[in-house]
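To start, the structure under review is shown below, and the notes come after it.
Order of writing sets the chain letters: A, B, C, D and E. Residues in each chain are counted from 1.
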């Protein structure tokens, strides 16, 4: 495999890197208008998306494919321990990540045109996206963890990029500390796995051989593996905000600039789920050899134990997320908790570990990219219109801003899993898969569905505020302590040159277009999900077969 | 097919004509003000109905074997592999047989004359289109009951009759007492109706299980076919008894028999015409008609018969006693109606259905007459209080004559109609006493009632028409005779009251009372010879009852006729007695308590449970979730060290789960 | 060649991780938190190097991978310190304090 | 049948609904046109209908269509629609109530396009439920009804509308998800080839042991809350009291029918084994609902609340009739659902008009309304009488048949609903006595009788009430052209 | 106990001691000193297990660059360098958590048979070959991390200096 072909395989990633460098270059040259850097980023992302589509084999663009079809979804040669490997599910996730980046990049172009941090913002977005794409092709634990760092480090900085906002900075600080702790735990766990297997290749890890040997009494290290995986769960759970590793997320989504919140919740969070696929699906599927458990219980095997653990985490996460979302007063915190509970649903897919479940979880990720980014982007747009951070500040928006409110309502209904939205389809597939798996997984489906019913309560409450409450005469509730007048990236401050009001009554074309795209996707794929669902199901099937 | 038989094909027109009147008057409403607000239309259509009804009845008298049943499928489930083997259907149809022919005569005749009378009597009221429309609808419904060829249709129109009664009692709805009386009437009869419905179900089940093809053919509730069913074959006698009791309950509700009798006196809140037509002649007789049908075609066991006799016999004296003290002219007549209905029920129960029917027929005539005459009086003096009337005979000759004719008929003085029928009942029941000694008390009650009847009706007569001009100045001085539209009906009915009993001696007419002789519709031998008492078989009994009646009249004359009693007796037992009777033995109060306090308290308590226990649980869920949420929010302290602590706690939890909890669970669940 | 006990090595790295965790949980000064994180990273590095030095017997074993990972981790840890310091400076400029307990306006 | 009437109807409803939303001030005309087109399409469906019978023991449907929607091996979902007599009559009910609601609320001034759009959307969802023959599509439409109703209650409703809207939404949604679990488990545990009705129907006998009973309980809970069954009924009074009149009409007229339809179509028809096991539960709940609904109606002061509780009573009779496990009972249940749809709609319209005219629905504080608003009083009387089962009006044949079937199956237990009939009569008659009759009180200064369009709306319902009350076979004829007679009862 | 083992024991104890001291002395400047010693101590351990290149790297990166960076951080954020850190509580919960974590992690100790195995030594050549070919991707990724960190961190601290 020559260097050129290797690089060609990574054409989309290289494009993103080039785009990031170009953005920094343009910034250095002084062309730091947001239209310029934003366009570069958007175009880059779209190009990358095009190539990923080509690699996935979508007929209209298949001729652009850089990765030979024979290299996707096949087993690596015997004895080799590749660091990265192409799977169609990974490529699908790449498209999801790119879509999330695209939405945020496009919407952010409606921010004040002379904003200082624009170049850094877009550069970091592109770099983080690059990292996300790398996560999706990892086949080595360390590769995976460093790729996650490629995402994390820009994320910390993105949260802080407004520089002048104490809330953002506080969020960045929290994000950084918890993130760094998680990094430490992940690597520490990885070191144990390395110690047990002698390699960090995920194909090898997936085989569960180190555990299997342990049963025979020769050379296996069950405890090392088990403790290692436990540490990894703790480390990666930080990323997908499982309870109780979630506490940072609420503050960060709340404190971060709205566009960044959209990117974090809709985008970077999802790498954690794919990491879970990569790291834990193998043990779930293959570590089925029974051995005597610590403390004399058994014989049981690691796979089912892991399934139970993940199931417990999933149920706890969705329940706690939903319950906490119930009484939130701040819109972004409510969305943050809802995002946490959604992570619980997605985790069901890993816990079950069947192809249908994987399909459902992936689809849920896809849906969530749109729903959650979209929701945060609407919040950003609303902040730009002078709507305060509290849910109560949205009173009567349905009358003042019918289209924006309708889009937001659509997103919330989709989050709640109402029919004719993509959120419904994804939940339907996911919970169908849980019931299809039978056994105690049915109770996972029940828990998930009851939770989604509970979630209706707080989504409904927001709809109530938007549509049923009459508009407030004046902002009745003062902003919470430490909040800037409008906690958004578009906030006017000394750092930002005031600019003329945006088009569409302050919304801006780009942001309006983004929200429209989200709404259309939610509805169209809610009505006709076949074109997405069928290849995704096939990809999940391949992924399971590979045992990654 | 001869003319008379082919006429029966058109029997459905008899109820349909008033229905047309209902539709037209209901649709046009006040636009008919030139036609007495639709009154003349109603008269016209009811006249048409009467003519057709009489023709059909005559056909039934003349034509041999004119049992004609015209059917229409109302509700049908075709045969299928399961469920009803042969399908299921409910039918509507008209059955013309001697009994329905007789009822046709009664209903259409009284209906027509009351319609005509209304023109004059109701002239001053408002809301007349409503009155005529509903009165027409009532005629339709009543004729539907009469012509029904199955129990379902019978019940359907029976209910409609009840609703019309409801609206007519509540005609003066702005009066709280009228609205209340209407409600009471509806609900009390409803109690009977639902039990009747239960009875229908039982008959259905019995017959359907005895012969499944019934369900398919739609003959299910057909009277004619019911008689084919050999009683005792595949029929559980207990079930039959219960069904009979339920039927009796239905009849008691409609015919105001004890203990469902309380509504009828209150129903006098309606216009007097309504009282005449509905609450004297027709609707209240429907209950008796139902028992007649039940007796002839559905079959009662001896237990049922005893129950019916008991209810009827007791009701005669129960109501008559209360009639003796009331001062409201209409109420007295209303109690009299209840009492007379008791006679009919008694007869049917004792096994003499046609005798009961005979009394129904004569009673319809003279009771309608009494009401119309009373209405004429009320119309003239604008009060219903007997003690405010007096000496009206001189001013209202026609009315007085009519009332007197009715009173003689009611008292059972020969040759007035009431004599023949009441005497028939008494002698019939007497004839059963040998085999059924348990009928004795009820026979005696009925006998005593003859005396009371004569007493109370002549009390009314003497108070209203005789004596000094008026005890209340200014009331009866301006009284004058009613217009011809009111006089003609009274005279027609007065004539009927005199001759109704004699008519049955005319052979063609008599056939109506003797269905076994002429109609193939009743191939099985009926359990009696109808009428048993023509010519009079037991002259001593007749003499006794006439003597009692005359005695009653004399006592009435002695007390009231010569002004001996200017007011009510004042002694303590008498006052107590009078108060008890006026309060209707406090049964009404008990009912009010059950409805107003008993049931309503249960409803209030249930409402409390619903709001605070059931819904409270739901709200408790909401609140507890909210509370948990509020409390859990506190863990989000904002201090990053705490967040790190959660992470480490989570890690340790993962350790615990992976090392201890999950393996244990997995081994319990049966391993990998 | 030498042989060293796993008890000692893993004991040391685990102890360092525990100390690091303890520091993160109890210290309030951001710089100290950074130092705690560095101690934790070093614990991981130590582990990698130890496992790289003692083959497991798996035919996939590659000790050089462990050492390479250690090298990368050193770089990664340094990068984190840099980013952390940048955030410290910005925070200090905004709030005049680097006490993490005082930065708690985002809560509940 | 070659003409895909159902798809055409769905399409026309979708187009009409969207157009209504976009139509602005002229939305009412678009809505009316859509309703008329809908009725015409229903008429054509009736005209060409003949039940295809059974194929290999599986009931077939008229106008059925199947198009693959999702096909990923383990999950096969088709756009499968079709009607039989059961759905057909309920579709007719949908059409009638849609046009009646549109006409009744013709004068709606508050966001008319949204109002009429949401009304049409609700009806669209109900239509979808009645034609969907695939678990997913069924559930999709089932849930789709919730959203417009949520907005209808929450935006146009009464003072406490926000609470009621969310309660309605969450409560019924919880039930729906339980039902969904049941349906999916039914499909997956029986290893049905797809989520189509026919596949599930064919696969159900494979279920073993107590599984069918559990599944039936799950489904019954889901459908039961819609019914609503006691003790899961408390969302209903709140929703009704707060909902605007049109919302109440649709809620009582259509939404409650979804539960009955679902129970018949997806419960009894598909899981007869589970149904047989759980039958006693159904009986108990049905009797409790009948008694509870009626007794509570008696104590209500709010007119709408009273009618709402009477709905619980009536739907209890429907449940009883369904639970009887007899052909006669099922026919009666369907008839009664249709009847209740029409009659409760009429009653809620009169209650709404009462509120419009007298500014209150508190029964004791109004009196003698008949003398000032005779048209309203007439409509209310007809509605009440129909509701208490007066012959010649629509409920009578249905209730009569239902109770007859009850007698056949349960003998003397029939006395419970029968005696409750007296209570039912009691509260209606008492309400009429207090509200319509007696001396006038609580009448505002300027009183106008109901407007002519409201008269038209109520007139349609009254006409239907009388028509099917006098000629019930017009409806029964269609109901029995369905698998009611061949179910493995 | 071999010499290596003895040396390791001493170094390990020093490492633990310096780590604890670094975190819990109240003079922040002393902290820097202790952490410097800690890094050097670890470098010594790396030499002990025949990873000399790593040891050198540790000395260069950690003992050198990182320590200086931290010192710089302290100097910038404090008005007086030698001011004392306020006493913060140790806390029962954090202690319990740290101890629990230690106990669970230490469970693995009994399992790994490393003590019987000889230490595998790798030449720097082999290491560099592996590092830049087989595992070169790691370095590329690290580069990406650093690129992002660089761009962002510079932007973040440049505030007000433009």
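Here is the rule we use: a residue touches a chain if its C-beta (ideal position, glycine included) is under 8 Å from a C-beta of that chain, and two chains touch if they have at least 3 such contacts.
Note that the structure is predicted; figures quoted are calculated from it, not measured.
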item: Set of chains adjacent to subunit C and to subunit E; value: A, B
item: Furthest chain, CA centroid comparison against subunit E; value: B
item: Chain closest to the middle [Cα centroid of all protein chains]; value: D
item: Most contacted chain pair (by C-beta pair count); value: C-E
item: Label of the chain whose CA centroid is most distant from the centroid of subunit A; value: B
item: Distance between chain centroids, defined by C-alpha means - subunit A, subunit C (Å); value: 26
item: Mean-CA-position distance for subunit E and subunit B (Å); value: 102
item: Subunit C and subunit D, separation of their C-alpha mean positions in angstrom; value: 64
item: Inter-centroid spacing, subunit B versus subunit A (mean Cα positions, whole Å); value: 76
item: Multi-chain contact sites of subunit B, meaning residues that touch two or more partners; value: 633, 636, 638, 640, 644-645, 648-649, 651, 655, 659
item: Interface hub residues of subunit A, defined as touching at least two other chains; value: 142, 146, 149, 153, 156-157, 160, 163-164, 173-174, 177, 181, 192, 195, 219, 221, 227, 250-251, 294, 454, 457
item: Touching two or more other chains - residue numbers and ranges from subunit C; value: 17, 20-21, 24-28, 30, 50-52, 55, 62, 65, 69, 72, 76, 79, 83, 86-87, 90, 100, 103-107
item: Graph class of chain-chain contacts, one of line, ring, star, complete, other; value: other
item: Complete list of chain pairs which touch one another; value: A-B, A-C, A-D, A-E, B-C, B-D, B-E, C-E
item: Touching residues (chain side subunit C, partner subunit E) in the complex; value: 1-12, 14-23, 25-32, 34-36, 38-39, 42, 45-46, 49-55, 62-65, 67-72, 74-79, 81-83, 85-90, 92-93, 98
item: Residues of subunit A touching subunit C in the complex; value: 81, 142, 146, 149, 153, 156-157, 160, 163-164, 166-167, 169-174, 176-177, 180-181, 183-184, 187-188, 190-192, 194-201, 204, 209-210, 219, 221, 250-251, 254-255, 480-483
item: Complex contacts: residues of subunit D adjacent to subunit A; value: 68-75, 136, 139-141, 143-144, 146-147, 150-151, 154-155, 161-162, 165-166, 169-170, 173-174, 176-178, 180-181, 184-185, 188-189
item: Subunit C-touching residues of subunit E, taken from the complex the two chains share; value: 2, 4-5, 8-9, 12, 15-16, 19-20, 22-23, 28, 31, 35, 38-39, 42, 45-46, 48-51, 53-54, 57-58, 61-62, 65-66, 69-70, 72-74, 76-77, 85-86, 88-91, 93-95, 97-99, 101-102, 105-106, 108-109, 112-122, 126-127, 130-131, 134-135, 138-139, 141-142, 145-146, 149, 152-154, 156-157, 159-160
item: Interfacial residue positions of subunit A with respect to subunit B in the complex; value: 173-174, 177-178, 181-182, 185, 226-227, 229-231, 233-234, 237-238, 242-245, 247-248, 250-251, 288, 290, 293-295, 297-301, 303-306, 308-309, 312-313, 320, 323-328, 440, 454, 457
